[in-house]
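What follows is chain A paired twice: with chain B in the first complex and chain C in the second.
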Partner chain A sequence: MFSQLKARFGSGLAVGIIGMIAIWLIGLVILPQLLMVDYSFRPNLLPADIGGPKDVYSLTNYETLFGNHIHLKIFFKTIWSSVLVTGLTLVVSYPIAFYLAKVATPQKAALCLLLLIIPFWINEILRTFSWYIILAYKGPLNALLLGLGFIDRPIRFLSGDGGVLIGMVYAYILFMIFPIYNAIESLDTNQIKAARNLGAGWIRTHWRVVIPHAKPGIATGCIMTFMLAAGSYAVPALLGSPGSRWFTQIIYNWFFEGGDWNQGAAYAFLLLIICIGFIALVMRIFKVGLGDIAK
Partner chain B sequence: MDSSVHLDNTVMQFGDFTAIQKTDLTIQSGEFFSFLGPSGCGKTTILNMISGFIDPTQGDIKIGGKSMHGVPANKRPTSMIFQNLALFPLMTVAENIEFGLEVRGVSKNERKKASDRLLELVALEGSGTKKVSELSGGQKQRIAIARALAVEPQVLLLDEPLSALDLKLRQHMRTELKAIQRKTGITFIYITHDQGEALTMSDRVAVMSAGRIQQVADPITLYRDPHTAFVASFVGENNGVSGKVIEAKSDLVVLDCGPLGKLAGRSQGNIAVGTAATLFIRPEHFRLQAENGMHTLGATIDEVNFEGAYLTLNAKTPAEQALSIQLGTHQFSESLKKGAPVSLSYNELDAIVIAGEGHV
Partner chain C sequence: MKSETIMRFAVRFYIGVFFVYLFTPLIIMGLATFNDSRFPTVSPWKGATLKWFEALAQDGAMWTALWTSVVVAAGVLVVAVPVGICCALFLSTVQGKGKTFLYSLMMSPLLTPGVIVGISTLIFWKGLSVSGGVFLTVVAQTTFIAAYVMLMVLARLQRFDRTLENAALSLGATQWQAFRRILLPYLKPAIFSAAAIAFLQSFENYNTTLFVKGYDTTLTVYIASKVRTGLTPAVNALGLVMISVTILLAVIYEVKRRREQSMNG
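Let's turn to the complex of A and B:
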């Protein structure tokens, strides 16, 4: 990499570029993570005791989670709900991605992409707040459903899992649409025509031809959505509290309300490890390699 | 089984653009029929209408006498071989061939039998477990044929399937396609811009230009008796000389071609005295020695190209009209060189006259 950069920009600039990347990676990514790893294995002590005889490495912080049933329940609920969010986002995004890639005219596709992207120019917190308003007990959605006669009395969307699911599917839809869109776009349209021509209905055409081709894109989208959902804080905090708590909120509480950074760090790493393990497992099951995703 | 295809007063429009002018054409059951035309002439549109990927704006498509109106692509008795073949890269060769049968719910055993039989037909026995990417161009071609035949279509549609192959393979595949067509007896509809393919394989050819069928005929008729100036110049090489009709009797027409003098040829259709017409002479119909009843025109040689069995001359008439002449190599002599005058004769029965200015 260095020789390439040197050939293009000269050695001075090449050293500068590599140096900046190194500072960014080491100083802002690797060191803080290592610090957190270090924290997570040490007890939470008064400043006076730090470095003293009590300051020893142990797995105590990690064991805490398995002793606390409520936390454990929320932990697994977070994983399970993130799976649900990922699945729902996939179901919503796949038809949109297919439409954009293969059905819409270029003008229509551009317009749709613009409509999808514009809301994301607004901060995530604000977008979530707008869902807070839409989903409110006396909010416009309930008013609409009541007005149309679908329901007799307003539904309590908020303070439960429903609102969180809706909010998250919306928040992460682009992370799912774009990789799938890219994957489907690279599919030769004649493949779809060939499948149709050989007698395949739409479902089979997708199942046997489009989805296998789009698998790397689907995997990328699912991984991103899953990681974002599992690590989400704003959406569950705004749309789910207090009925639906997310594990990230517990981590937050350890850090900023409990003041126990060591315990928080351990929780954060447990979440990270389980998520990575879960993704590796799912990739194994669906026979997706890391190389496919990088494509 | 009746597997004729009838374009019943079919029109295809895309917005303001008429891709296919009103067309009424019947392709016989079991015929090898080609649509020949330059790119953009609408031939692929016809294929897409027959296969059901698009619906005609007006008129109907009938296959085996049955209207295909409202019948989706996956329910039609047609099968297509795509220009880029469109084999499924993530499936094995056998899975590709069996796909159409799998869709129809045929059991695994039956599918295996069918794919083995088809692999034998295309002379690729035992390649069933291979990946598509492991095949050569010609092998892929044959797998595409096998896949299309697996569903036992009434009509096989071929969209320039040989265009990606090298010359040798292309010529070989022509013979093979023709043999497969004879063996299976299904209607083949072949789309191409390569007249060599159309003329060698087809029973009949429809020449198309700008969304209109110019002429439908067997290859020899098409070559000998083109009805329009477009067909005359698109199918094979031709020299067009325009002039004014000064005499028209039975089927011979005499033109006054200005500095080239009076030239005669067989008339195509009714041509009235006094109108403009074009005389077409094929390069191979020129002779260096005039015989009785031949017409002669003088020209100057521009270029002599030796092509093995024959020579091609490029010459210019006194009216600056470029002519192309093909001679057997045995006729070569030292006098045939750049800048030398040459007198070119032809038999009037070998030339044809078509109404109109005729330069296409």
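Let's turn to the complex of A and C:
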């Protein structure tokens, strides 16, 4: 590999390139992750005891989760809700992605893409905060629904997981639309026309022609959305209530309120395993490889 | 034909609803800035005021946080952009075994939840007796922002015509000259947009920053803490300013892009 780099860039630049990559991958990506895993198997000790006889590997930190019903419930709720967010986002995004890629004229599509990007240049916190205003007990949504006579008294959107789900779908929708849009755009429009001419209805055309082609995009979108949802701290912290805590909030508490980093590391590693598991599952369902992801 | 018309109408309707859904929150947040209420809301409307902008301007902690954010983002730019470029150059040059593995490794920070990037950085540097603060925030954010830069530069590199480089080399240019005069200018637009995205990513990051910030506060962390405690429409005023700047930048970008397009075509 080095010889290929050297042949193109000369030895000086090649060394520089390899060096930069090595520092980043080893120092920032690999070692911190490994150390976090190492941490998660060790007990939380006083500085004096570290390296001493008490400093042995064990599964204690993991047993804590499975012995704590509240944490376990939040753990599974986080996974389930993230799956739900991913599914909802996919359903909302697919028609938009298809419209942008195949229906809209190029000028219109360019304008729509710009309009899509603007809200996402704005801070996730601010976007979530604006939902906080809308969904508040005395907020405009309740006022509107009351005014139209749909409901008799205001709904407490922010007391369950509902507000968190709405906020997350809004926050991550772009990560779903863009990969699917890119995938559908590369589909030859003639294939859609052919399917239509041969008598396939819209649903069948999508099911048999467009969706199979868009698989890598759908897979990428689902992976990104799930990962962002499961790992989100901002949205549940702003739109959730004490009764609807997210697993990331438990992790945060271990670090900065419980002061038990080893315990926190174990929880964080479990979250990472769930994300990796989801990625593997999605790649298997959609039959795509790692190389297809994030293209 | 009739079902086609209905279909078209349904699609239009859906797109319309979607964009209303996309922009209503931003509009409501903006409007709430001008409501003369102690709490940010638009209902009930208590009359228009500009006092929350004043309150914002006098908020010293906000200005400190803004400065911290700028410093962090600048630090991330300086490290993440070169690293990302190096990765892209590497991936576009080498072939053979291990490339897929390395590519996956380089992509992995993007597929890792932000909180975990923050946690692992915090734990790693604790071993070196470095605790949270601006430095760690730069390090943690660089971990995944470099991967964004890599993807953006790589996308442009894949359309690069290698014969240009070979021509330069056979005409007697050194490898460094070919890189400096041919490849780098070609990559320039991608590098600039990657730098802009990197800056933005750093500026708005919350999940990772939260774990490594130590006693320093970035603007995003500051806004979040304001939303949770001591919420006043001054937060909206800040949001409105940020939204306006964003939209202005987007419009400038679009105008520039259209001008370039009309010049090329």
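Here are some notes:
Rule of thumb we're sticking to: the second predicted complex is superposed on the first by the 273 of 295 C-alpha atoms of A that agree within 3 Å, B and C clash if a C-alpha of one lies under 4 Å from a C-alpha of the other, contacts with A are read in each partner's own complex, and residues count from 1 in each chain.
We take it that contacts are C-beta pairs under 8 Å (C-beta built on N, C-alpha and C of every residue); 3 or more make two chains touch, one makes a residue touch a chain.
Small disclaimer: the values here were computed from a predicted structure and weren't measured.
In the overlay built on the shared chain, the residue A:209 is in contact with chain B alone; chain C does not reach it.
Of the two partner chains, chain C is the only one touched by A:36; chain B is not. Once the two complexes are laid over each other on the shared chain, residue contacts for A:1 go to chain C alone; chain B is not touched.
Residue contacts after overlaying the shared chain place A:195 against chain B, while chain C stays out of touching range. Touched residues of chain A were counted for both chain B and chain C, and C has more of them.
Of the two partner chains, neither chain B nor chain C is touched by A:148. When the shared chain is aligned, no partner comes close enough to touch A:46: not chain B, not chain C. Against chain A, the residues of chain B that register as touching in their complex are 51, 53, 72-75, 78-80, 82-84, 86-88, 90-91, 99-100, 103-104, 147-148, 150-151.
Listing the residues of chain A that touch chain B in their complex gives 188, 190-191, 193-201, 204, 208-209, 212-213.
By the touch criterion given at the top, residues 7, 11, 14-15, 18-19, 21-26, 28-29, 32, 40-43, 82-83, 86-87, 89-90, 93-96, 98-100, 102-116, 119-124, 126-127, 139, 142-143, 146, 151, 165, 174-176, 179, 200, 203-204, 206-207, 210-211, 220, 223-224, 227-228, 235, 239, 242-243, 246-247, 249-250, 254 of chain C touch chain A in their complex. Residue ranges on chain A touching chain C, taken from their complex, read 1, 4-5, 8-10, 12-13, 16-18, 20-21, 23-25, 28-33, 35-36, 39, 92, 95-96, 99, 103, 112, 114-119, 121-127, 129-134, 136, 138-140, 143, 170, 202, 223-224, 227-228, 230-234, 237-238, 248, 251-252, 255, 261, 264-265, 268, 271-272, 275, 279, 290-291, 293-294.
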